[in-house]
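Given below, in the form of structure tokens, are the structures.
Same chain, two partners: chain A is paired with chain B first, then with chain C.
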Partner chain A sequence: MAHDQSSTHSETRRQLQMARSMCWHCQSEMSGEYFCERCVKVQPVSKDTDYFTCLGFPRRLTLDPKKLEAKFYELSRAFHPDFYQTKSPTEQTISLGNAAVLNTAYRTLRDPIQRAEYLLALEAGSVKDIRTSPPADLFEEILELQDTLDQYRASDHDSDEGHRLRAMLQGEQQTLERRREEMESQLQQLFTDWDELQDRGEATSQARAERDRILKHMRDLLSNRTYVNNIVNDLAATIA
Partner chain B sequence: MAYSDKVVDHFNNPRNMGSFKKDEEGVGTGMVGAPECGDVMKLQIKVQNDTIVDAKFKTFGCGSAIASSSLATEWLKGKTIEEAQKIKNTDIVQELNLPPVKIHCSVLAEDAIKAALTDYQKKTDAQSTDTK
Partner chain C sequence: MARIVGIDLGTTNSLIAYMKDDQPCVVPDRHGRTMVPSVVALTDNGLIVGDSAREHLTRNPERTVYSVKRFMGKGLVDVQSELAYFPYHLSETGGVIRIRLGPKNYSPPQISAMILKELKRRAEAHLGESLTKAVITVPAYFNDSQRQATKDAGLIAGLEVLRIINEPTAASLAYGLQEKTQGTIAVYDFGGGTFDISILKLKDGIFEVLATNGDTHLGGDDLDRVLVDLFVEEIRDQRGIDIGSYPDHMQAIRLEAERAKIRLSDELKTEITIELPEDKGRFTRELTRDQLESLVVRIIECTLAPCRIALKDAGLTPNDIDEVVLVGGSTRMPLVRQRVEALFGKVPHCHLNPDEVVALGAAVQADILSGGTTDMLLLDVTPLSLGIETMGGVMSSLIRRNTTIPASAKEMFTTYVDGQTGVDIHILQGERELVKDNRSLARFRLKVPPLPAGVPRIEVTFLIDANGILNVTAKDMRTGQSQSIEVKPSYGLSDTEVERMIEDSFKFAAEDVSARKLIEARLDADALVKTTEKSLAEAGHLASTEEVNGIRTALALLSTAKDGTDARLIRARMADLEQAAKHLNVVMLDDSLKKSLHGKKVSDV
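== the complex of A and B ==
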């Protein structure tokens, strides 16, 4: 089943690439780059091109930020409106559109968390499709902390009670920050697992099971990290 | 973007904030979260003779999430289990005048109601099999 889905998926992608494989200006065949080889006109980035493809990177989670930045600058220059002032209105519109897509693509892929969220959306559909049961223990903890935070907010910060609550919240903050770090290093490991799996390029049922395991675990970690992150920010803001 | 008066009112004077003991008789607990924004919602109902006699909530999230769950507890009180099943997120959206970007808060509240009802049902089913 999963296999069928992925093969239709790549087929649609191929069709999309075919659709934009012709230069809008001279109708000559395109090899997928941003400029026609024959008439040198700028070509629009298709709305269906994913951000990885847009920046010329494979769908991997470990990216060299320097290389990503270099590619972004290179393409930013290529689409810069200044270079299109004397060009036709069509070319101006295309370059402007491309620059906008490029900016979003770069902002998304530059941040490891956003990059992973984006990859998940590409690979596993919307978040809800692999929504897992909520982590009840973590939720209880967060809501209890909320109560303590409210008590602290209502307390006289210079009183003994205020000091006691503050010390308690500081301890909690440190514990949660450590937990967030642990989650992030687990995510890092999953990034490596994902990339290795992609590099092997196997189509066995084992590989598919591994793919699902990685995506599901990644979804869990990313969600839990968001919950922890929110409460940490709230803690930091309140006791700062 | 400004919050509607009703949202502000629920946010400033949340109704039924707090919690029941989970293992208390007739209590159903719904615990849901929105991984997209990190909001966490706990909604509890207390049921006697198929009617919700009390409801409480605790929410960690934005004003709209707090208002949605506060309103949900108000609506739940006095309703039968069957009536409670019918509460829809769109009712909450309408009552609170939620803008499109905050609709997910009402979805979260509906999910929390459903989860609390399911939990209650599960508990009562388990009890009736115990006594059989």
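== the complex of A and C ==
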């Protein structure tokens, strides 16, 4: 099976890491995933282990939530501090750290948006940047909305004018929610594109260009969606 | 591994439970009572706890502490609005409330430790072994300071607190074990002083908390106060008496209000009787359930908003909830049940005793920790967002509320000025934007090597452990050196203070034991005096004058001993009296036998 460059790179690094790492307890070479095969002691999740690897999933954007949950429960049973109360202090510390990593990993991968943002950070090395100005196609609309919002905030909410503005804002909220849904379905399409590309596993320059296109488009969409999402939340809070 | 017990340290009552043949059970006292009133009284004979202390609420209100849980992890300013309701004197030192009992001041963890010790003693007597490890429950919505204060109380009581667990989740463990519940459940826990709602998913032995919310200052106490306020006002208007200035009568009113509220869960109306001060007679009135409900409906509705937020945070609607479980004494009120049913659209259930279910769950968790069972696992969440103060007095969230614990977040810190040697960090908990609207948890100073601005890189890890308690560690990324951090709690005892309290507690343990022995000896002596006097009155004529005189002398000697402080002397005098009255008792027994046989035919015997 072939991988694209960056994923192959991290895979190799991970394998090296595994081969090099030794059990903290019996010093034997580690081959098991989280438990030493010789002395059965729990091993700390490596700092370089990404959340997909931690939960035993490939870097795909469509994950079966049931399988993810089952894996999370399985690993929780393996790591949770409740089951280490009678063990040594070192094992207790490892269990606590591992459980915390596992919880973060599950929380991140469970949510499709957070999952995509995380993958983007892994693949393109970017941290999610939240836009501070509206996306171009929404520029006019958002400016108008801000005006209406200001007017509503200044108005007597029980007056006719207040009611009229509120109705307008409710309309706007619905429009923006639809807009958010559109972006989410576009994202969904990109997720599928990404997964298919990964599954094909071609190492051609065409595949690399396709990979870059998906990642860039995804980044723009995620950033626009976050922007719209914040506006919707703010709007909902104002007229609630 | 040594036995671990489960403790429900409640606002009104506390219980201790353990696992017996795979089933949790609550430890009863000699009379079969499972609840220990969370009341501590300072009497002339020393500190007493529980039922006997409860009697001092009206006799000795200034020296009898109740509802101490409301003060855990708090400063005086937090309870300012309700100071008038408490007859005992409160002050504050180092961000911690102090309660005056006689000549000394006690912190809330110390008072709670006395209750814990009483529970520990009771369980030790019941199980015939010494106990040193415990799981203690707290309201799910308790913040870090309140949890830490509970842990401190355990330490002071000589208990290693292996886990602090949330009351509603403890209840779900008990239900999961006994009812084999599966699916999504809502636990509505309305107790004496606190309210919690937790939404959980139960699947294959995993108890995953999806969201929790609540109010740590909302409970049965608040319902009682509405009634107290009403009665005080009526007594003033109708009888012209300012009863608020009589602490003992105020306590009597509070207890009467509580009793009336409880009665009205079963009855539609009840009679209120309050003795007035200075021989002014009695105040009586009828109170109907309707009247009670219209008075407290506003408070009960305060529990509904947290339920809605918890549902929203869990991403669920009421329809998604398979079962609603009721926990806590206040859920016995029909109005509470109606409102809960209306909100969730299903009949809530409470197959397990709502007073005992939390302690039972704590025993189940204790069993999990001791390796007794690996079938069940609780995945709980942190109830409040954790963050740090940033520029402009704004809180920056690091760990959001309802994050599964253990949870950790890392943050990198650097310097803004050349040669700066420290960075001050202020840790907060809460959901609001501004620092001033959130709860200050602690402050600490990060040590930084003097370098040009921006060069130092110190990584701080904020870790919320399985108890929901924060641990902070720091590492210099340039040198890889870890540094120890001295965190100064905003509303908690310092480590040195807790250590001193533990020492004090050991020092006074010997005194406590002798005080207890004295109290018990006196109680037993009282009982013996009473029965002997009764025997003398009923059967004195059957004994010789010499014998009667002997008994009277022994009685007098016992009375004198009872006024002293030597428990062994009291016991010795009791033995003397028993010896002196031995013959009389035999004679009495014969006499009563004769009487019962009198008039009966031999064939009937």
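Keep in mind that, in the parts below, the second predicted complex is superposed on the first by the 209 of 240 C-alpha atoms of A that agree within 3 Å, B and C clash if a C-alpha of one lies under 4 Å from a C-alpha of the other, contacts with A are read in each partner's own complex, and residues count from 1 in each chain.
One rule holds in what follows: contacts are C-beta pairs under 8 Å (C-beta built on N, C-alpha and C of every residue); 3 or more make two chains touch, one makes a residue touch a chain.
These numbers come from a predicted model, not from an experiment.
In the superposition on chain A, A:A136 makes contact with chain B only, while chain C stays out of contact range.
In the superposition on chain A, A:T104 makes contact with chain C only, not with chain B.
With both structures placed on the common chain, the touch criterion links A:W24 to neither chain B nor chain C. Using the contact criterion defined above for the overlaid structures, shared-chain residue A:F57 touches neither chain B nor chain C, since it reaches no partner. Of the two partner chains placed by the overlay, only chain C lies in contact with A:P81; chain B stays clear of it.
Look at A:I231: by the touch rule set out above, it reaches chain B but stays clear of chain C. In the superposition on chain A, A:Y73 makes contact with chain C only, while chain B stays out of contact range. Contact residues of chain C toward chain A in the complex are 1, 162-163, 203-204, 206, 208, 365, 368-371, 374, 377-379, 403-408, 463, 465-466. Listed in rising order, the residues of chain A touching chain C in the complex are 73, 76-77, 80-83, 85-86, 96-97, 99-101, 103-104, 106-107. Only residues 127, 131, 134-136, 139-140, 142-143, 146-147, 219, 222-223, 226-227, 229-231, 234 of chain A touch chain B when the two sit together in their complex.
Residues of chain B that touch chain A in their complex: 19, 31-33, 35-40, 42, 58, 60.
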